[in-house]
Amino acid sequence: MLDTEKYRIAVIGAGPAGRAAALSAATLGVSVDWYDKQDRAGGKLNEYHQLFPHRVKPETLLSGFRESELPAGIKKHFGIAVNRIETEQAQVILLSDNKVVGGADAVIVATGFDFFDARLKEEFGYGMYKQVITSADLEQILKTNPSALKKNGADPASIAFVHCVGSRDQQIGIGYCSRLCCITGIKQAIEVKELYPSASVVNFYIDIRAFGTGYEELYREAQEKYRIRFIRGRVSEASENQQYNIVLKAEDTLMARPLKLTVDWLVLLVGMVPSCTQVELDNKKGVDGETGFYDLADPLTGSRISGQEGVFSAGACNGPMSIPEAIASGRSAAMEAFNYIHSR
Amino acid sequence: MGLKKNFGFDIHSGRQIDLDRVDKALADELSELVGAWSACINCGSCVATCPAAQNGMYNFRMLHYQIRMRVETDYDPSLPYIMQRRVETDNNLSLPYISLEHCLLCGKCQLVCPRGIPTRYLAIQIMQKTRQHAEGIPSV
Amino acid sequence: MQKVFHPFDPFVLLFTVGFSFVGIFFLYKVIRWIERLSQGDRELLTNNLFTAKTWKALGEVIRESLLHKKIFGINRRLGYMHMSLAFGWFMLILIGNVESTYYSGRLFKPIYVSVFWRFFEPGPTFPRAAYQPGFAFWMDFFLLMVLSGLALAIVKRFRSIWLGLKKTTRQRPADRWALTALWLVFPVRLLAESVTCGANGTGSFLTGSLGHLLSSFLNLEPLVLPLWWSYSCVLMIFFLCLPFTRYAHIPSEAVLIFLRRYGIRVSTESPGYTDLSIHACSSCGVCIDSCQLSDVLPGRPIQSNYLIKSVRHHEYSDVQWDCLQCGRCEKACPVGLELMPIRQLSRSDMAIGSKSTVLGHPGLHGQIPRVLYFAGCMTHLAPSVIRSMEIIFNQAGSTWQFYDSDGRACCGRPLKLAGQTEGANRVKEQLQAEFLASGAELLVTSCPICYRMFTEDYVLPGMQVVHHTQYINELLEWERIQVIRNNLAAAYHEPCELGRGSGITNEPRQVLSRVYKNDVTPEIEGLCCGGSLGAPGLNLAARRAVARGAYDELTLRKPDVLVTACPLCKKTFSRISEMPVLDVAEAVATSLTGVSAPHEMMSLIKTPLKQSIVAG
Amino acid sequence: MTKYWKEYQKEIAGDNYFYVRSCIRQNFFPGAENLFLNILRKDLGKKVFEDADHTTCTGIGYHTDIVPLETTMTVVARQFALMKEKGFQNIIVSCVTSFGLYSEILDLWKHQPELKKKIAGYLMDATGRTFDEPANMVHASDILYKYRHEIAAIAKHRLVNQRTGQPLRIVDHIGCHYAKTFPERGVGGSEFPQVLSGLITAWGGSTVDYPERRHCCGFGFRNYLVQENRGYSISQSKIKLESMQPYEPDLIVANCPGCAMFLDRWQYTLEESEGSVYGPSGLKIPVVTHEELAGLVLGYDPWEIGLQTHQVPVEGLLDKIGITYDAGRKYADRNGNLIGEPELINQHVC
């Protein structure tokens, strides 16, 4: 048996994937250095209202991030933004703004994703029109102050969701599908409808990609129970009228006719893009040129980043991923990092 | 006003659907009666198996979708046969009703619908409710 | 009390008002019913009035309206309840009339005289009359009978299951008034008679004993008149309510029996007869028990007696679209009402003018076939049935053509079932002409729905219409095809449209007896599979529950396969069955000697679909 | 990567321009282009050259499938050759259609250098000339945008309603080919172009952001050249006019000659055929071009700059801004002789 405790694995990122990786590595007996640019653990989980498709509160997950829940082998280094990794003689060196902040035998990068900057799709007027918000904004509103959706004290009469904003769009150079915006839109539409039952809620979609367990069921529930309308066609233009409502133009592709709709709120279901604080790797390799996410050496079975030694990645920094997928990916990266150290 | 000057061309309202101005009454009433209707995903299974659709007169999916979208289906150049039907008719019934006259009510569509929508009942209800709406009969 | 030649007391006026109202009302109703018969139906009435049919009708009226023989057959306690009330009351009136005639010596006298005879003539002295056969005894006897029936009725209202009924019918406000009055009539009569007898020291074992008992601690004389006033009053209330309640069935049913005996049936042309049928429903609730939906959708007023109520009171409800139209209630109805046609007519009230048409059938070509095969639209969703028929036709060496190979045709019955008579006729006219033009001698269809339409509505001179089970049975009998019997046990599910609807019950089972060693079909009235076209409003879950219930009953005796003869039934059961569900045609096609069905078909037929779905 | 709207700012040359005219503008707004040159030369003191030998860009023929692309390219190359010969590098295009077409051609040449070579060959064969691509190419409205503050400083009038003191509510309409094909060539990009709203706000007015702001005027060459097709064209203008009507705009300003013409003329047609009037109190909405707007604030005489050729009368607007004009000279020639009034003001058929 190896004396595993003397080996160190660094985990960058304290979201669901990072936590799963850190916990799993600690369970395997390795010493873990856990980094995050923020002062607290949880990453984007802290900003969510409810998690799809079962609509549990993120707090139920976040409780597992508490200090008391962590094993002794994990050492936290929060508030440090590791943004560069170098490898030297089979050792990984972590740098923050060119200062060395630590080292390890292997590193698991779990830096997650950012929401697409909706201002780039300027035709939706995000950042110009007050009534145009993103799904991330709506999540915040639902979490902290749902009555912010009221207009002049009255319940909102109509809310439209646009799917695929910053996803599957060659115009902005994003060829991939963010996968999770569909179910987010379905979930948020239901939440809004529950809050304001009299509101007419419309989702404009290209395809509904309800791929996960329970997603299709939630989609159907949205249609049948909540009477949320799904119009196949993407909004391509939004403007403001005198009452500061948003006038949408889309095509109902099933009817092959253009349509116009005025809504109180336009919610842009923004896609997932690589985190802007993504860690730079040796030789600048390991990043997919098309998507900007990490490129895995063996995308079918592995977590090692291509062109790197001892550098693994977990979660949505590899591409759009749901929370359970990110957690599974974190665990598997820990196992792989552990095996890597042993086989050295 | 009265006299309109003829410039040799027509000003048309265009094909844009104005969802702000549609009449919701019929669609809402039918949604209450046939709850599963709103779960339609426009897969087209119903039309694929429909004997009347093979006869070339009728597209049930498009028809009920138009009603669900609360779109007034009067003149629609993309559906030439419906246009012809419109020309033929001189009563005040709306197009779904006229087009639905081709339905054989055989119920095959119901057997193939992946969302379990009672489509045959939907057809019957559309027939009834459109007539009631056309005749101004308040529904029970 | 002084015996008077013209017995009268002001209280009789109440009764007289009520009774006259009923009499005049029903006289008017009968005139209206007959007026609103079609010309043909009116001729049937006049031609048959003075024939033996009238006597037979009279017999039936006694059997059914008074003795309620059919309800007895279904449920003895319920039968007794109806019989005791109807027959007992009838006998009270009859004996009262005879007694009053006997004592007054007047054959013609106001009706109230015999109704209130005990008031005018308290009868022989108690206890001498108690055990002697005589008017007083029989009057008490039948009063007791009525009261026992009433007791059952009260029990039924509150504890219906004891009477063998799962559900009891719901009441309207007018019904409640009438019911309360009816419940009060006989106890009040008992009291009035007992008090009168007690005061006079007369009466038989019931009224005399009770009167004797009461007189032992009460001065009865002042109670006599108020009680008779009460009795007359409740009678009046009951009679005034009667025409507007289900009790209107009492006179209506008798009229219905006569007209039915004369051959009149429910049709659009004779709205008078339909209206009469609706009035003749006693709302007994037998239809609720026979309905498979009573368990699946408890509390939902789908069943026929609710339909009839809603039609009668002009309350259209969408609920009526949930009915499976399986015909089980029609078969069970003790009044013999034509419940299926009545429902179709009620649906047609809401129908639109259909312009349905069927275009072009490339199936017809070349030489004149002897046999024309019409699969039916639903059969196209069960292609193995079509394949089986192809194998059987070819093995039998028939010259045949496949009429609806392109799946465009419809027989029109679905339209008819939805009340779209006009559209159904349009389709019928079209297909009828094409069938006749084909020159074929035999029209074979795989669909019982089409079969029923072709036989009931189409006029096809020179062309015989058979269901494929009949055709196959004949082929087997004539040894045009032969099958090898296997060792399996089969249960036959009789499709509603084929069995109850068209009376084809033997042929399918004869065919099956040649294919399967054991027939383990349970001896029950045919159940609906739940896939019925008759119930457009029924949702998938309810349909599945109906299918599940029927499936459980059908497979009680552990068959190896479930066999049916309708593509719709096959599809419906396949989705829930744990054993293979076959059409008779498939069972035969896979058992033929001299030809083997394609392998893919054999495997499909021998494995339950559900399993193959799971395995796949 | 991709920029969002605030970042769409283009480079506009400061002086020494070569000017090419617009077929439609000089026909329908005959004073406008001359006015533009005057503003540049006299008010702003810039050097701008107009070559008498320059021609149409053939855009109308190109967009109606009459002139092949290579011919069009050769004609445009000839304009560039004239510019080169006269020693200029910065080109100002008067017409938005031409501007779009020039942009498209430059883009095609950028991606297909062999095509540019071929065109150079054609030009050499046909005329013996050579050309260079312009160093800076702008639309005429871009120049006014660049110098909007300078103009404001010397302006005689502001876009303010003299009676109420409120800024005039002005609809800006940008020609589709200004930025919709190449957003980076327009000030503010294609979705929220600033080129005209910049002028309006700099000169004291306020812009109207109405829902159909980005909608096409309906001009489309195929749609108006054939009479039967004009229904498509007018229907689009109607959508815009209906959408802006609730805002009660005082004025429409357009940088594209076609848009200005149609938004102006179709108001008359809509009134005649449907009875619809989109301005307040039964008056239609005046439509001016960017040069005319600049001319008005700089104090040019409305009849000198050709405002009498507009279908919708502009007198109401002039009154609001406080511009004095001689009503009797509206239909007078240079010498003050009346050239004859239109029989009925509404008898102009386009």
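Observations
Going in written order, the chains are labelled A, B, C and D, and every chain counts its residues from 1.
Everything that follows uses one rule, which is that a contact is a pair of C-beta atoms (placed from the backbone, for glycine too) under 8 Å apart; a residue touches a chain by one contact, two chains touch by 3 or more.
Keep in mind it's a predicted model, so treat the numbers as computed, not measured.
Of all the chains shown, the one with its CA centroid nearest the global CA centroid is B. Here the CA centre of chain B is 45 Å from the CA centre of chain D. Taking each chain's centre as the mean of its C-alpha atoms, chain A lies 64 Å from chain C.
The centroid of the Cα atoms in chain B and the matching centroid in chain C are 38 Å apart. For the pair chain A and chain D, the distance between mean C-alpha positions equals 46 Å. Shared contact sites, meaning residues of chain C that touch two or more other chains, are absent. In chain B, 14, 36 are the positions where the chain touches two or more neighbouring chains simultaneously.
Which chains touch which is summed up as A-B, A-D, B-C, B-D. Remark: chain B residues 33, 36, 49, 51-52, 54-57, 97, 100-108, 110-112, 116, 118, 120-121, 124-125, 127-128, 131, 140 touch chain C in the complex. Note for the complex: chain D touches chain B at residues 227-232, 234-235, 238-239, 269-270, 272-275, 349. Those residues of chain B whose C-beta lies close enough to touch chain D in the complex are 1, 4-14.
Across the complex, chain B is touched by residues 315-318, 321, 350-360, 377-378, 380-381, 406-410, 412, 414-415, 417-418, 420, 423, 427, 531, 533, 536-540, 568, 571 of chain C.
Considering their complex, residues 14-20, 31, 35-36, 38-42, 62, 65-66, 69, 71, 76, 78, 115 of chain B touch chain A.
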